[in-house]
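Each structure below appears as C-alpha cells.
In what comes next, chain A is part of two complexes: it sits with chain B in the first one and with chain C in the second one.
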Partner chain A sequence: MSAPSASLAPRRDLELSNLIWWLPRAAILGGLAFVIFGPLVNMLIWTVAERWYFPHTLPLDYGFSYWGRVFAPRGNAVQSLVASISIAFFTVAGSLALAIPAGYALARLKLPLRGLILLAFLLPQAFPNLPVYVNIARLFYEIRLNGTVLGVVLVHVTHGLVYAVWIAAAAFSAVDRDLELAARNLGASGLKAFVDVTLPLAAPGLMASAIFVFLESLDEFTGSYFVGAPDVTTLPLLLYSAGSGGNYQIASITALLLLVPSIAFMLVVEKFLRADVLAKVGQ
Partner chain B sequence: MTRLLGPLLISPALIVILLLFMVPLAASVIGAFEVEGAYGLGNFTKAYDFYTQDIVFTAVIVGLSTALTGLLAIAIGGYLTLGENATAVAILRWLYRWPMFIPFIVVGQVLRTFLAKSGLFNSTLVAFGLLDPLTATSYLDWRGVVVAFVWKQTPFVALMVSGAMASLDRGTIEAARNLGASRLRILVEIVVPQVTTTLLVGLVLSFVTMMGVLSVPLMINAQAPTMITADIAFRLSTYRDYGVANALGLISLAISAVAAWFYLRVNMRQGR
Partner chain C sequence: MSADAYLNLQKISAGYGRTQVLQDIDLAIGKGEFVALLGASGCGKTTLLRTIAGFALPSAGSVRVGDRDVTRLPPDKRGMAMVFQSYALWPHMTAARNIGYGLRLKGWRREAIATRVAEMEALLGLGGLSGRKPSELSGGQRQRVALGRALAVDPDILLLDEPLSNLDARIRLTVRHEIRALQQRLGITTIHVTHDREEAMVMADRIVILDKGRIAQLGTPEAIYTRPASAFVAAFMGAENVVHLDGACSGHRVDIAPGPLNKAASLTLDRPAPPSGKLEARFRSERLQLRRLAAPSSDTGTAIELIGRVEAVVYPGGEWRHTVRIGESSVLVDGPEALPPDTDVIVRVPTTSLFLFAASAALPIGSPSAADDRSPVRDRLTA
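Moving on, here comes the complex of A and B:
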C-alpha cells in the first residue's frame, strides 16, 4: 500500500503547482486578450450604437440605422467601396504584369547587379514614404494625374511592387527546374514550358502576392490622401473623413469593412505561402 | 538574345520604381533647399523655428514605441520558445498575431474609441473597481500614439523574432536548463544574443514605418505637440508650402537614417 502512495504524492504536487501557475498565466493571457480584442469589441459596439455619449458605459439605443445609411444605393460608402475594390483590382493586375516577368528573371535568368536590383524594389519600404507621396502628388498635379483613379493605382502599384516582385521571385525559384527541362526535352518551346509548367506550379505563391498587394491597396491611406482626395474617395479616406467629422458609427462600419479581408487573410496566409516559398524570399 | 532577356523582363518594373519612387525622392531632397526660385537653407530655419518641439516629440515617441515593441516581442518570442505549458503556448501563439494585418487607419479608429474618456478601456477598469469614474481621463495624446504603434508593430517583430528563436540550436538551451539556469536568464543570456540581427531588422523596419504613418497622429493626437507627418500634411493643406514640407520630410528621412546607421553599426560589430 505504501508504494503507490509514494509515487502518487509527487504527481499530485506537480498537478497542484501546475494549477497554481495557471493563475499568473491566465491573468497575463487574459490581459493580453483584453488589450487585443477590447479595441475591436469597442468598434463593433459603435457599429450598432444609435446614441452613445459620455458618461454612459454602453450605448443608450442599439440599431442598424447607420448600416442602412452606409449601404444606401447612392450613399458615399457604396461609391467608396466600389472605388476601393476597383483600384485594388487594377493595382493587382498592374503589379502582377510587372512582377511576373521581373520575378522570373530574378529567379531563373542571368542578371547583372542582381542584389542591387532586389534592393531597389525594397527602397519604397526603407524610407518613410510621406515625403515621396507629397512630391508624387506635386508631379501628378502638373501632368493632370492628381485626383484620378489611374494616379492612385500608379501610387499603389509602386508601393506593392516589393511584395509582388520578392514573392514572385521566391515562387519561381521554388519550382523544380528539372520539370521545365523535361518539358523542353519533349519539344516544348521556352514560352510553352513557362505557360504550361512553370506558371501553374508557381501559382499558389503568385496568388499570395496578389492577395498581399490587394490588401495593401485596399488599406493604403497616405498615398490616396495626397494623390486621390478629394476627387477619388477610397474606404480609408471615407473612414478618415467620417471619423474626423465625429460620426463614429460610419467610421466604425467602414473600419469593419476594411478589417474583414485583413483578418481572413491572416487566417489563410499559411495555406498560400508554403514554407518552401517563404524560405526563398529575398534570396 | 538570352543575355538580353533578363534585363528586358525586369526593366518595366525597375522603370516604375525609378519614375514613381526615386524621382519624387530626389525631388523632395532638392525641394527642401528651394526658396522662392533660389537655393538656400530658408526652409530649414523656418522648420526649426516652428517645429523643433514636434521634431523632438516625433523622435522620442517613435524611439519609445520601438523600444517597447522590442521588449514585448522578446517576451512573446521567449515564451513561445521556452514556455513549458503547451496549452498556454498555443493560446499565446493564436492570440498575439491578430493586430498584424489590421491597417493603421483602422488601428487609429479602434484605439480612438477604446482609449477615449468613456471608451471601453476606462469603463472596464471602472467595472473592476480599479478606476474612479470621476478621475477617468482620455488617453488620446502621446500615450495613445505610442499604444497604437506598439499595438500594431509588436506582432510583426514578435513573428520575426520567434521564427529566429525557433531555429536556434536547442542543445545549449537544454544544457543551461539542466545546469539549473532560470528561463529568464536563458532568454537574456543565451537566446536574445543569438537573434539580435533579426530583432534589429524588425525594429528598424518598424521605426521607419512609424516615421511615415500619417493616419495615427491625425486621428489620435491632432493637438500640439504632434508628429512631423501631421505637420507636413498641415503645411501643404493650409499653405501649399512645399519648401517647408520637404524640409520636414528630409528631417524625418535623417532621423530614420540614424536608426538605420545604428542597425548597421551593431550588425558590423557582430560580423567581426
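Moving on, here comes the complex of A and C:
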C-alpha cells in the first residue's frame, strides 16, 4: 500500500462516523420542524388556495377570492372578530379586577392554606372541560345568561383566573414590602401607597397576566360553544363551523386571523415578564 | 419614665407568633436627642424600631410622642420618617421624585417641592443627580437620597435602621459624622439602630444595649464603655478577655485569693463590688501592663496580676498584640514592645481597666475569645 491511500482511509472513516453522527440528528430536527411548521404551512397554503383536491400535492389555482368572502358583510368574520376581541377585553378587565386584590392578599397576608387557595384557582381547568361547561350552560340557561356576551365573559374569567391570580400574586411578591412601608412612613395611606408604589412596580407582571388572559379568551372554544352559541359567535366558533363544513379556506383564514394577536402578544409578554416575576409564580 | 421625655415607650412587648422578641421595654427619649439601639442581630432592635414606626403593633405596652398616644396609629399618622437598611428607594421614580414624595403627599405646590428638593440635594451633596433613577446611583448616593427623602418632610422623629451597613468602610466613617452633624443642626429626635459599637459610640448621645429583647443597659457612650452593668455589656463593649477568680468582697473592696494563675490582690473599686465567691473578671486588651515573670514588680496589691505564657505576637499597628495563655484560656494583651512566644509573663490589669462580675452559671468557664471580632457571647447570640 502506498502512503497516500493509507492516509486517505482513516479520513473516509471519519467522514462516515461524522455522517452517522449527524444523520439522525438532522432527521430528528427535520421531523420536529415538520411537526411544528408543517400544519402552519399547510394552513397558509389553504388560505390562498382556490381549488385543491386529492390527489394533487399542491393547489391547482391560487387566489384571494375566499378572503373577500370572509370579509364580506355576510361572511360573519368581522363580526366574530369584533365579538372575540371585545369578549377578550371584558375578560381581561374582569380577571384583573379579581386578580389584583386576590393576588395582593395572597402575596402580602399570612394566609393559612395559601397553597390550597392558589390551587383552587386551577380547579376550573383540573376537570374535563366538557362536563363542566355543559353544567355551566344548564345553570346559565336557567338564569338567562346563555347566549349572552356576559355569560361567555364569565366563563372565560373563571378559565383565565388561574393565570391572572398566580401571576399577579407573583408580581406583588416581587415588590419589596419595605418600598410600601417607606411610602406609608412618609404619610401615604394604604391605598395611596398601593397606587403610587406597589401597582407601578407590579405593572409589568400584571400586564403579562392580562396578555395571558386575553390570549386564553381569544382561543377558548368549549365554553364559548356551550354558553355562547349560536347567539354569540367568536372566531374559534366560526373556525369550527367552517372547518366542519369542509370549507378549509375559510377555516384557514380565520385561524390566521386568530394567530396574529397571539404572536404579537407573545412577543410583548416576553418583554414584560421578567425572570424574577416568573420565578415566584405559584410560590 | 421621665415626664419631659418626647418619645416614651412603656412596657413594650412584641413578637412574631409565639416567639417573644421584645419584653417590657421602657425607654424615654428627650426632644432632639440621638439615641442608638445597639445589639447583636436577633436582639430585637429592628423590631423595636419598626414598632416605633408603626409597621408592627406591640403585643403590650404603649408608644407616646409628646402627649399623644400613637400605639395604635397607622405609620402615616405618626410624623416619623425612617431610613431603611436597604434604603427602600422607589426604583420607578427619580432621585428628585423620591425626595419630594412626602411633600407631594402633604399637598405642597410644585414649585415649593422643587425648592425644598433642591435644598435637600444641596445639603446632602446630591447636586446634578436629581434626574437619575436609584439604579443609576452609587451606594453612597442612594443612602443620601434615602436620608434626603426622610429629612425633606421635616419629621418629628427620624428613625435610622442600620443605614450605614451597606456602605464601604471608608465612606461609612465620614457619613457617620455627616449624619450626626446634620442631626445636631436640625435638632431632630433620632433613633439609630446599629450592631456597630463604634458607630453607636461616635454618633449617639445615649446608647441602649439590647440583649434578647430586653434592655441590658442604657446610658451615655462613656458610661457604658467605662461602667458596663453586666458581663454581657462588658463583652459587647470590647472587654472580651475573661478570667475567673475567687474573691472575698465587701462594700467597694475586693480581696483576690492567690492561685496558680494569679497573685493575691486587694482592690478598691469605684463602685460596689459583686458578691463574694466566683468572679468573672473582664478587661480589654489595651491599658494593661505586660512584663516578664522574672522582672521585678513595682507595687503589688492594687491590680490583678495574672501569670501566663506568650503564645503568639502580632503587630496590627500601634502596639504589639500578644496572645497570652493563662491556664485553660487565653487573653489578648497589647504592649509597646514585643515579647517573644514562650516567654513566661505577668499580665497586670489595673483596677481602672477591670470589670468584675459574679460568675454566672450560664457562662462557660474559661473560654474567652482569642480574637477581637469573634466573641463567644456574640456567637451564642447569633447562633
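Details
Here, the second predicted complex is superposed on the first by the 252 of 283 C-alpha atoms of A that agree within 3 Å, B and C clash if a C-alpha of one lies under 4 Å from a C-alpha of the other, contacts with A are read in each partner's own complex, and residues count from 1 in each chain.
Simple rule for what comes next: a contact is a pair of C-beta atoms (placed from the backbone, for glycine too) under 8 Å apart; a residue touches a chain by one contact, two chains touch by 3 or more.
This structure is a prediction, so every number in the text was calculated from the model and none was measured.
Under the clash rule set out above, the superposition-derived model of chain A with chain B and chain C shows the two partners fitting side by side.
With chain A used for the fit, chain A forms the apex of an angle whose arms reach the C-alpha centres of chain B and chain C; rounded to a multiple of 10, it measures 100°.
Legend: residue contacts after superposition of the two complexes on their common chain; A:136 is shown touching chain B, with no touch to chain C. In the superposed model, A:188 makes contact with chain C only, not with chain B.
Once the two complexes are overlaid on the shared chain, A:163 sits clear of chain B and of chain C alike. Of the two partner chains placed by the overlay, neither chain B nor chain C lies in contact with A:172. When the shared chain is aligned, chain B comes close enough to touch A:215, but chain C does not. Measuring only between alpha carbons, the smallest separation of chain B from chain C in this overlay is 11 Å.
Note: no residue of chain A belongs to the chain B contact set and to the chain C contact set alike, using the contact criterion stated above. Every residue of chain B that touches chain A in the complex is listed here, in rising order: 2-3, 5-7, 9-10, 12-14, 16-17, 20-25, 27-28, 31, 85, 88, 91-92, 95-106, 108-114, 117-121, 123-124, 126-127, 133, 151, 205, 208-209, 211-215, 218-219, 229, 232-233, 236, 242, 245-246, 249-250, 252-253, 256, 260.
Listing the residues of chain A that touch chain C in their complex gives 176, 178-179, 181-190, 192, 196-197, 200-201. If you check the complex, the residues on chain A that touch chain B are 18, 21, 25, 29, 32-43, 45-46, 53-58, 98-99, 101-102, 104-106, 109-112, 117, 120-121, 123-136, 138-139, 154-155, 157-158, 161, 165, 215, 218-219, 221-222, 225-226, 236, 239-240, 243-244, 248, 251-252, 255, 258-259, 262-263, 265-266.
Within the complex formed with chain A, the chain C residues making contact are 53-55, 74-76, 80-82, 84, 86, 88-92, 101-102, 105-106, 149-150, 153.
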